[in-house]
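Notes follow once the structure below has been shown.
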Amino acid sequence: MLSLTIVVPVLAAIVLLAMPKDRPQMARWVAFGVSLVPLTLIVVAWTRFEGGPEFEMVESLSWIPSIGVSYQVGLDGLSLPLVALTTVLFSASILFPVDLRGRARQYFAAFLFLEGVSLGLFLALDLILFFVFFDLSLVGMYFLIAIWGHGSAHRSALKFFIYTLVGSLALLLGILGIYLNSGEPRTFDMIEIITTQPLPAAGLGSVLIFWAIAFGFMIKTPLAPFHTWLPPAHVDAPAPASTILAGVLLKMGTYGFVRILLQMMPETFDRFSFPIAVLAVVSIVYGALVAMAQTNLKRLVAYTSVNHMGYVILGVAVAANIGAPGAARSIALTGATIEMVAHGLITGAMFLLTGSILARGETYEMDEYGGLASRAPALTGAMLLAAFASLGLPGLAGFVAEFQIFAGTLGVYPWLAGIGLLGIVITAALFLRMVQRVFLGPLPDRWSAWTDLGKWELAALVPMLALVVVIGIAPAWLVDVIDSASRAITGG
Amino acid sequence: MSLIAAILFWFFSAAAVVTGWLVFRTDSMVRAAYWLMASFVAVGGILMVLDAQFLGLILILMMAGEMTIMAIFMVMFMMNPAGLNPMTMVHQHRTSIVSGAGAFAVLAIVALFADFPDRPVQPGADPTVDLGVELLGESMLVFESAGVALLAVMIGAVALVSFRGRFGEAEEGSEEPALETDEQ
Amino acid sequence: MSLEAVLFVSAALFGIGVYGALSQQSFVMIMMGLELMLNATILAAVAFWWGTTNGNPEGQLLAIVVMAVMAIEAAIGFALVTNVYRVRKADITEKLRKLRN
Amino acid sequence: MLRWSPSSATILPELILAVGAIVVLMVALFTPRRLQPWMAALAAAVLLSAAVFAGLDLIDPPGLTFFDTLAADGVGRWATLLLAVVALLVVGLSVEWFRPDARHAEYYVILIFATLGAVLLAGANDLMELVLAMMLSSVAGYTLAAFHRRSRGSSEAGMKYFLLGALANGAMVYGVALLFGLSGSTTFTDVGPGLEGADPLALVVGFGLVVVGVAFKMGVAPVHPWVPDVAEGAPAPAAAFLMIFGKIGALVFLARFVLILPDTQLGWRPLVALVAAVTMTLGNLAALRQDDVRRLLGWSAVSQAGYGLLAIVAIGRSDLAIPSLLMFLVAYSFGTIAVFGVVVALRGLTDRISYRGLAGPHPWLMGAMLIGFLSFIGIPPLGGFAAKLLLMGAVIDAGYTWLAVLTVINSVVSLVYYFRVLGPAYQEKPGGRRPTMGRLAGASVAFAAIGVIAVGVVAQPLLQAWNTLDL
Amino acid sequence: MVWLPILFPLAGAVAVLAMRRRRPWLGPIAVIALLGSLVSAVLAAFSDATSTWSWGAGIDLSLEVADAGRVMVVLVPLVAVAVVLYAALSMRDDPALPRLFALLAGFVAAMELLVVAADFLTLLIAWELVGAASWALISHDWRNLKAPTSAKEAFVTTRFGDLGLYIAAGAAFAATGSFAYSDLASGADPLWLGVVAGGVVLAAAAKSAQLPFSPWLFSAMAGPTPVSALLHSATMVAAGAYALIRLQPILSAVPWFGPLVVGLGLATALAGGLVAFAQTDLKRALAGSTSAQYGLMLVATGAGFTAAGMSQLTAHAFFKALLFLGAGVALHSAGTLDLGKLRLGSTMPRIAVLFGIGAAGLAAVPPLGAAFSKEAVLGAAFDAGFWVGSGVLVAGFLSALYASRLHVLAYGPGPPVELKSRPHRVEVFALAVLAALTVVLSVIWLPGSKELITEVSSGSFAEGEPWELGLSLLTIAMALGVVWLLWRRKVLVTAGFPQRFRIFVAGWWGIPTAARRVIIDPVIRLSRDLASADFSVVDAVVRGIAASAAGFGDRLRRRVETAVDWIAMGVGSRTLLTATVSQKIDDDGVDAAVEGIAEGFRFGGEQSQRTQTGMSHHYYTMLVAGSVVVLIVAAIWR
């Protein structure tokens, strides 16, 4: 069943490409319909999910047994929410109207391809399979940015590709390192590696492997100072691609931190949890500060992603500290995972909204706008909701995550938690500034014909924002699922 | 024997090196070709001194023939009266000297300081017979390969140079296809 | 007359050949340099046959193989020189500069 | 001890190639001009039967033949099979390309000879056989490069290829003489033991000079300059072949060769590692600015040769070395055929700018190019990824982690120039269709592209077969 | 049960939004919702209701009406009803009325949640929601950029304080593994308890506008009057003091907790009193007085007598709401809040009387309840120490001083004023309700009420001395005398201060300026610098690596191929390269870097034809040189 979520979109992408005529509406509906398949399947999987410490619904096929590679997918409390997030974001993004540049089939095919690949990454339980999807996601995203982007899309897309390829290849080296150390016979099987923990806690080899993988994921996540590919890629990408980039692709890095580093080499991670936590806090504060100075709306949102990913990694680093109390580690990891989901929904929605603004105003410069609230209450309301969620207002998803992260961190790294908290104040300031600059104040004459969100935009946005609220108010259904994994991972 | 051999060896050696050097010190290609031939003949001499009479002989014969061809070729080819006109056609002279000296130095060091096994040729053996046995015995594949290689080079050389072929002008249409075709 | 001496002479011939191959502009002259190098190789091969291999006939064969190499290279070399001269009116290396970065 | 293999089937592919070449030549002599292109079919039949028999040989137990001068082992047979398939695909690319040529049956003859040369090189178990296989493949190679007898570029490419090759081969032959002198034999079976305790200085020089020759064949630094020139100047189908066949032959030979060398006196492993590092870096960096696609492919071939050497570095130390070597060769061959095939199919279109917006009108061709390039970069699940995975695993296993890191860095660099071609092709507004070369070339491209994907995705049968191979 | 006081206003908010097109219904709906909240709050207060809401993974949000919460849970909707009643009429022409009502109702709901919170997580949730609601309410008039700007300042300031609660919650979790008050009370590591205390004090100080956060109340003035009235009396600002009162039993285990809170409160009471005295803007003066009054509550709480604090909070809620509504009427009628231009007593005598009751409460004139609570605070302060008591005495003097000054200047007798509009009957009624509540609160002077309060709020009173009351009365008399003197000299408006000093004091002792100079401007500058550094340094490193790879590649290739010309090439190309790279580095991306290098080399190529290659003899040189290198390496590196 899980394999279907991967295969169906990818096959559909190929079929779409082979379709003879370019009929945008039909292509959109086909793509949307196909994207509902994984969504439905994941909902079913959620209802069947038991929440034990083991991986569930594992499907396994021998692929290249000669070198220990297999096709193996499965779920646990960590991947299930991310997979669900992926399906929601893709369905919404496909629905979101965008300038197709006369290449509708290719656009939707790229989206479906990327969906299958992203789902595959979160479901993969084999390191090579994981890497395959990791790299293919780069290719898919490259084309989405390069072909349907704007501004200097060529350069941004290439920069994105090159920079994250550096990360992915570092990851590959690390994966090879794990493989070569995985005992006899060698294997890429993640379940087996997690169970047997073949890597020695000490030793130069483990340290090198750890940092190679960590470097790879730090680029992908991204943590400062490896984030500079992110703003141009976001700014020049079409809005739905930005949503996917922020909502899904960045999570691959943070997911990898947990799945590979935390689960496969916990003792080595323990040695370096403090430096990683420091980097995370630097990202939090740095991302927020730099975002505050932006005049470009989308760039601003992009930098807040750096900030939010800092929270995630902070939570992961706390969970990696073996000496800390189990409850703190577990709550931090749960918080980090919720933050992944929350950030995906919130920032995803926010990027879609920037797309709506660009489509109407043709610029991201915030100073060009003002007073839009009077013409576009729905747009304003949606952005306001997203902004408040992003700055961590209780009752919305972001708070649930950030609170748990800080609650876990404070007992383990009190000073880092204290510094990191400053990020919350700065994000509050910067989002309010943004809202004020774009939506409040007097309306310039040139925008007097501004239109509010259309029905398709709303159709894409409302489910995402509704989830933000639901998670914010009643997160138990999500927290319990994640907690099952967190406890298993941290032993808390 | 050994004294005479030694004298002959040093004589041929000196001749081989000096004539070899003269190949590149002369003004005309034809003369250069003859100096080269002289160098080969000298080496053939050395081979004979080293009990490899057969090899020495075929080297001299083959090279004499080849060098004549080369000389004629140049006369024909360069449209240069007898290839005798004075000329200097040298580039990157210093680099070449350094490179040549370097190559010599490396090999000379190997020659003088390397420790080769001392397993001289048995006095009683007939090297030519051995060669024949080897050629048609254990190293047959080498022999055959040489044949194939020579066949290939003949075919290749003919294909490249012949003016006329079975179908008139041999070079007709032998170039990159046009990027645009008439259909377009 | 020792192995060292023969190899030394061979090294000298090889060095001269390298010098010639590098210093000459004309293709034909370059080929002469190459032939000289092969000449040195024949000498070395026979020297080893004579001095270090219990008279293994493979040494003699090696010399013959090198002669074959000489012939092959000369043949294909002349063919190419002719061809280049016909197409490009080029007889020295400096005239072949179409293909470069 | 004479070990003449009674079964001539062992060398049947070689025999078929040698005899087949002559047959093609003879038939062509008596065939009217308008039927000349059918010589391609004949050559294809020869290559196909060679491939079939090489494939059938795969099940034979490994051994040596012709008094130990030729190895008939699994790796050699796989190399033979691969070479025959590559030549077959090149024939497919060549038919339309050479159709206007008044006399091109010789092209196929030489192509078969070149294949034979590389096959013999891959199987060479004797220093003299090495020299002659090298000569055969080189001579055929020069001819192929210069085959456009009215083309300025082609003749220049052939000439330069020859000049460099002659010098490199001259050096190699001297090295062979030195090794013979040290070991007292030319057959590897005896060279190995003979070199035990040999003088290290002479050994180094001898080995180094042999490596110069092998490096020339592969297009490895410092004997690489012919590669971009030939890639640009030679007839495009021939260029594709020339990029590939030397690598197959020489890499397999080198793997066989280094294994007989004594580890104690000779640091061949670091030497090969250094050459690999320099080669891949040089090739990649030089390719960065190329605006000529064929030349770019040439430089990329240089860097790929560097990757291929990783397998040699690891050989004998990692059980991944031989599978990685073969996987690299297969992936590289198909990838090269695919991208060069696209150039051929577009009638030799080589200006980077001309590729702008081609993805629209030529989705399949550009798709093949995309697959080929992505495979070269090492994007999974393509063959190039499988190759790089195994190669890097092998060198890390062999203790050369820095080389794997360098490979990674180079892969990133390579992305830049591949996407300087691909980017505009996909991003720019679709342009008009360009004239193409016909179905057969397209079919070869398709076959190669599918091959690139297949070896990555369906790697298991191959790896299973290769895991047990020995040299 | 415990949910109802929260859900009623929430439902009201939803209903208001749903029926936003039927404007006449809006007011009644809002009032009914708040009345529902009030009634259910009373019931909840008597039933000591508790409830929990699970977040999963063992994290529960627990709600409980307990201790001071029993009073507070009733107080909030009580004040809110009056305020909403006023708003329904005074803002009846505002097109955004539905939004205002919805937000006010939400504001109340959030505050009720805060009151019934029984753990730090719930407290934090409510705490932040209150802040966010206040942001939305303050920026009610968003078309004028001033309002959202002020709202942002207010929100960011208080959010900084919120960090204290984050820290407190985290520390509680670290200490006990849960967020509940009760777990913390049942014993925790003193170190962590200290962190909790520090966090709570920080949060409370920011919310209750204590030093140094006080100035945010000025920003909050940008909101409409009903918002200010509610914000100052029973919701936002009250949250800080309430949280301290609620948590005092737990936190008093920390030895420095009491002195810190007392000191903070006293300092704010004195400084704020002077601010209120020096201000010439009616609402701002009231804002200053709010800080001062909450300072007094903190003194009582810090001294350990939470009942005193709670009664002060209650009394203050009524009269401060009343005063703000009075100020609103003034603004509405006279169109200004400038104390120099009001004196509406002759024109609107009824309002003047009502406002006077509020001012009397502010001045703590007996027998009003406010005076009782003031006395309780004084008693608590003297219990804490003589100097504290003296300080509170001075603060009481200041209260009387500014209260009387404000009344005289705002609603004192004066020349008839041309009114823009007259207050509506219901508006006056709302004021009257609050005035009545202020007066009715006098019943707490009755014997037995102390015991009742003690029992209900689980707090305590200090044993007051009779002379304390006398002293208070004396200070009030003195204050009245001073005001009369100043009035006579016609300098009451400027309070007799020199102009620059007055402005300095009225602007909260220069704290806003200092904050801008020391915190805001540097942070913004830092953020700009970082943003430019992000491109010119961090990214430049990346681009530099790319550029040098490209440049290195070119150099390497060319140098190897033209081995002969190494030196000449090297010198030339390096200068060129440096120049081009530094010039091009500001251009974007890898491609540009590549192009830049290419350009440099084209130029270099023009300079020296020798760099051109493609010639076989160069290849030869390379081969020989390379082979020699290979041999040397092989000979050395085993």
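Per-chain residue numbering starts at 1, and chain names A, B, C, D and E are given in the order in which the chains are listed.
Convention: contacts are C-beta pairs under 8 Å (C-beta built on N, C-alpha and C of every residue); 3 or more make two chains touch, one makes a residue touch a chain.
Quick caveat: nothing in here was measured; it's all calculated off a predicted structure.
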item	value
Lowest number of touching-chain links that must be crossed from subunit C to subunit D	1
Greatest separation from subunit C - chain, by CA centre	E
Nearest-to-centre chain - CA centroid comparison	A
Label of the chain whose CA centroid is most distant from the centroid of subunit D	E
Chains most often in contact, by C-beta pairs	B-C
Rounded Å distance between subunit A and subunit B, as computed from the means of their C-alpha atoms	68
Separation of subunit A from subunit E, taking each centre as the mean of its C-alpha atoms, in whole Å	33
Centre-of-Cα separation between subunit C and subunit A, whole angstrom	64
Cα-centroid distance, subunit C relative to subunit E, in whole angstrom	90
Residue list for subunit B, restricted to those that touch at least two other chains	91-92, 95, 99, 102-103, 106-107, 110, 116-117, 119, 139, 142, 146, 149, 153, 156-158, 160
In subunit E, residues with contacts to at least two other chains	546, 557, 561, 590-591, 614, 616-618, 620-621, 624-625, 631
Sequence positions of subunit D contacting 2 or more other chains	128, 132, 135, 139, 142-143, 146, 149-151, 153, 158-160, 163, 167, 171, 174, 178, 181-182, 184, 187, 201, 205, 229, 286, 289, 416
Chain-chain contacts as defined at top	A-D, A-E, B-C, B-D, B-E, C-D, C-E, D-E
Footprint of subunit C on subunit E - complex, ascending	557-558, 561, 612-617, 620-621, 624
For the subunit C and subunit B complex, residues of the former touching the latter	1, 3-20, 22-26, 28-29, 32-33, 35-36, 39, 42-43, 46-55, 57-58, 60-61, 63-65, 67-68, 70-72, 74-76, 78-83, 85, 91-94
Partner subunit E, residues of subunit A touching it in the complex	152, 154-156, 158-159, 162-163, 224-225, 227-229, 232, 286, 289-290, 292-294, 325, 327-328, 330-331, 334, 371, 373-374, 388, 392-395, 399-400, 403-404, 406-412, 414, 417-418, 421-422, 424-426, 428-429, 432-433, 435-436, 440-442, 474-480, 482-483, 486
Of all residues in subunit D, those that touch subunit A in their complex	320, 323, 363, 374, 377-381, 385, 388-390, 392-393, 396-397, 401, 404-405, 408-409, 411-412, 415-416, 419, 423-424, 426-427, 459-460, 463-464, 467
Sites on subunit B touched by subunit C in the complex	2, 5-6, 9-10, 13, 16-17, 20-21, 23-24, 29, 32-33, 36, 39-40, 43, 46-47, 49-52, 54-55, 58-59, 62, 66, 70, 73-74, 77-78, 89-93, 95-97, 99-108, 110-112, 116-122, 125, 127, 130-131, 133-135, 139, 142, 146, 149-150, 153-154, 156-158, 160-161
